[in-house]
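Okay, here's the structure, questions in a sec.
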Amino acid sequence: MNARSARRILCVLGSGILLGLSACSPSNNKADANTILVWHWMTDREEALVKLTDQYQQQTGVKIQLELYAPSDAYATKVRAAAQTNTLPDVFSVLGESRDLASFINSGHIADLAPAMNADRNAWRKQFFAKALANTAFQAGNQYKVTPGQYGVPIDVTNIQLIYNKALFEKAGLNPEKPPRDWTEFLTAIRALKAAGFAGLVSGWGETWLIQCFASNYAFNILGEEKVLDTYRGKVLYTDPEWIQVFSLFEELRKENALASGVVTMVNKTAEQIFATEKAAFALNGSWCVNVYKGMNPDLRYGAMMPPPASKRFPMRIWGGAGSSFMVNARSTKNEQAIAFLKWLSEPAQQAQLSTETLNLPSNRASLEKIPVVLAGFAAQMDNTTHPTQWPVAEIPTVNEAFEKGIQSILIGEKTPVQLAQELDHLKARYRAREKRQ
Amino acid sequence: MNTMGNTFYRIRHWSRLAVAHAICLTVASACVFPLMWMVSSSLKTQRTIFSDPGLWVSNPQWSNYYLAWTRGNFGQYFFNSLLYTVLVVGGVIIIASMAAYAFSRLKFPGRNLLFILVISTMMIPIPGSFIALYVLLNKMGLIDTRLGYILPQINGGLALGIFLLKTFFDKLPQDLEDAARIDGCNKFQVYMHVAMPLAKPAIAVLAVFNALAVWNEYLLATLVFSRPELMPLQKGLMVFQGAHITEYPLLMAGITISIIPILTLYFIMQRYIVAGITAGAIKT
Amino acid sequence: MTWPRFRDLLTTYLFVAPAVILFVVFSLFPFIKVFQLSVFEWDGISPDMKFVWLENFKTALFHDKSWWTSIRNAGVITVLALTFQNFLALVLALIVDREIKGKNFYRVVFYLPPVLSGIVVGLVWNWIFDGSHGLLNHFLVFLGHPEWQRAWLADPATALYSVSIIHMWKGFGWGFVILLAGLQAIPRELGEAARVDGASELYIFSRITVPLMLPVFFLVSILTVLGTMQIFDIIIATTNGGPGFHTEVPITRILAAMLGSSRFGYACSLGILFGLLLLSISMVQMKLSKWSSRYS
């Protein structure tokens, strides 16, 4: 009984203290005219960013308040919640697809940076890789009815390629300096690797966007960019023989048993572990992997290559572009200072510093000379990149989901390529019919 | 009467005991295994954590614990989590028990309807309720305050608490309460001195359940708080989980540190769960 | 109404007042918002919403195969949990209740799984079920059955059951604690007296324990159903709903609609349908509970 009374008293006291504490108004984050509030989610780069913002304050006297909200899902939720209440910070990012960015822009949350970019004969714009800017730009005639403009500043670039383990190549009798040049050679190499006791390809295909990435690369290779976009527009069906060819590639992977076990439900972090511990010879992963592999296995000898083409008609494309971008709050009163900060951050010196410390590719082309050698293999392919955020049209989300999950089904032998194609066409037709009715 | 003297019964007793122990030990090892993996991983390095998956660590990095504490700023976050847990659990117990007592023992119009309404929140998951909650807290000016974090969580524990406690109160025999009423106690005194002590097991279960929920909570904290000095422990653990790089050994060390208070609480509480209350009280 | 009667009612209302106030402020408002949003098509960001009346519900009920698959999957896991998980919890509670040696140790250990963070659970069980280097496969080879090896979480035949095992492992601790609390509330004398009279364990269990424990059994089963149907963090940590839709559950579908395809209104309608389902199941369970306690 005593414990209970004691506890009750404690609770009452505690609540009293709390009420007193909360009576004091919340901190005045935005009161200081010389402080820019920045929200980010990149735990890996927090240290590097803090260093940079301290430098900026010393140089210009403008204080940058960095707030970290991780993981990215929590960050995205927080940004949406803040959008609902008009409490967005001065600088933040919209994670997700073009559709989401378009919504934010159309709701008036994002400032158009095109004027700043184009000033002084495109002084700022010219510093970046064109592809990096394209991720957060909208062109005339885009499907979201967004006013054309540049809405984000990329602070790094990335691309996703096939990584291969040179040591395992040697063990299997393959030449590590001559990776497979097309799909047939790819399968041959995998057979040799499996004979030597290693798994072929590993990737986090439990994360469906990675499946989309691989499939999309080969779609661009086999159908060509225009036909792929026409499919999204509804002018080409999925039962087109070339799409069937794309799906059949996955069936071949299954038949050859070319994938590491459990790839279909694997997260990418697990796939990275498997590649780093040298159990698989190929990995589909992005340039961020350099940092990851270094931590897990600094002695790993590996290289990056384009996915081996399955067709000679169109070039192979990889996904890439801006890794992370920052947007400026259109309703903020400190737009000029925010833009000034972002300009500073994208200058060669800062980009080189960021890149060296976090092993990510810089978004400023001039910083390329200063990057660590190991990233060079990734940087070399930036011109061959593309990304859904850069396309003028997008597929319907439910069809995309069926596409990705359907490929998973192909990989486990539950569906054939033709079945998946028919299912996708059916789904899309129904969706369009409903749209027409409304 | 001496059933144990007979050999047959003796063998049956011991074999039953053996089976019971076998079951318990098997299940127990399945439960303890992840904990052991976690602790052993916390003593490894980033390189060896997956390349050397065995439980034995040849070169234990005890410094991981120190690093986890300092880099994760555990001191501040620990205090915050403790504060939130105590206040939310206390709040839930007091408020839910009072309401459950009323639903169980007191008569008033609208009793059934209200009860169903309150516990139905347990059954309807509200997607995106976080965002609606944020809008609400913003209107009330509770963003970035401790109160704004605690109140929704107290509310979150009420449905289950009321449901659980009402079930237990319903089970209690009326005699004690009637006796107390006859002795002149008012409703509140009967509630405090008769009903609550008898419901100790249920309260202990509730305490543990809510403490665990608050201790592990993260998303609401991310939404409500901006100032780091208000953040709970889970925020500290996030430091080790980057977008691409997870520092596994430090993360495991951090998690190990963070489950100690919860286990301690459970250890204390389970004595109440076991207390066995009415045994002596109701002898006619 | 007389003054004493009024004052009596007032004090009674004071008992429920704090709970009701909190409920109205923090539950009712989002509740109403969800109902309101379910009849719109909204992406969660822009200020315009399109009123679509019952279109979302129609899509969910008639055109969304993945929704029904997810309910079926959650149902399978729930049935498994109701049977195996609670059976295990009951057996363990009975054993520990009977003064077995080391019961303090067991009591703490059985509660470890619920306490462990989702991250650790995900990592460890991913490792156990891993297709090439997993513990389970190693164990099968050790037992002499290498042909039984498979990628447990990626194989459509076993993915759902593997996830169920993880869930049951994590969940039985709760049932154990609540059942133990219930058993401990049964006066010792009843069991002792019966044992002295020569009654078998089974008799004691069925005639004394079960009737007294019926309310607790129902409580545990309602909580099991509610908790299991709302499973999702284990799914996200291990299979992410795959392969295909084999381990999708209602909550992952709702999250996919909300964040994945930005159909907030649709997500709300799914939430309502799901809630109605859970509500009806719980009502049935509660009616059964009342009926059985009246009967015994």
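So that you can tell them apart, the chains are marked A, B and C in the order they are listed, and the count of residues begins at 1 in each.
Here is the rule we go by: a residue touches a chain if its C-beta (ideal position, glycine included) is under 8 Å from a C-beta of that chain, and two chains touch if they have at least 3 such contacts.
All figures in this text were calculated on a predicted structure; none of them were measured in a lab.
Look at the CA centroids: the one farthest from the centroid of chain B belongs to A. If you tally contacting C-beta pairs for each pair of chains, B-C comes out on top. Chain A and chain B have Cα centroids lying 37 Å from one another.
Here the spacing of chain B and chain C, counted between their Cα centres, is 16 Å. Shared contact sites, meaning residues of chain B that touch two or more other chains, fall at 94, 131, 241. Multi-chain contact residues of chain C (touching two or more other chains): 44, 133.
Shown for chain A are the residues in touch with two or more other chains, namely 77, 80. Of all residues in chain B, those touching chain A in their complex are 46-47, 50-51, 83, 86-87, 90-91, 94, 130-131, 134-135, 138, 141-148, 150, 193, 196-197, 218-219, 222-223, 226-227, 238-239, 241-247.
Remark: chain A residues 1, 4, 7-8, 10-11, 14-15, 18-19, 21-22, 25-27, 29, 41-44, 46, 67, 69-72, 74-75, 77-78, 80-82, 84-85, 87, 269, 273, 276-277, 288-289, 291-292, 295-298 touch chain B in the complex. The residues of chain B lying in touch with chain C in their complex are 1, 3, 17, 20-21, 23-24, 27-28, 30-35, 37-38, 53, 94-96, 98-99, 101-103, 106-108, 114, 117-118, 120-129, 131-133, 136, 151-152, 154-156, 158, 160, 162-164, 167, 170-171, 186-188, 191, 201-202, 204-205, 208-209, 212, 216, 237, 241, 251-252, 255, 258-259, 262-263, 266-267, 270, 273-279. Within the complex formed with chain C, the chain A residues making contact are 73, 76-77, 80, 83, 96, 99-100, 103-104, 106-107, 199, 206-208, 260-267, 270, 279, 397-398, 401, 405-406, 408-409, 411-412, 414, 430, 438. Against chain A, in their complex, chain C makes its touches with residues 43-47, 52, 55, 63, 126, 130-133, 151, 153-156, 159, 238-245, 247, 256, 259-263.
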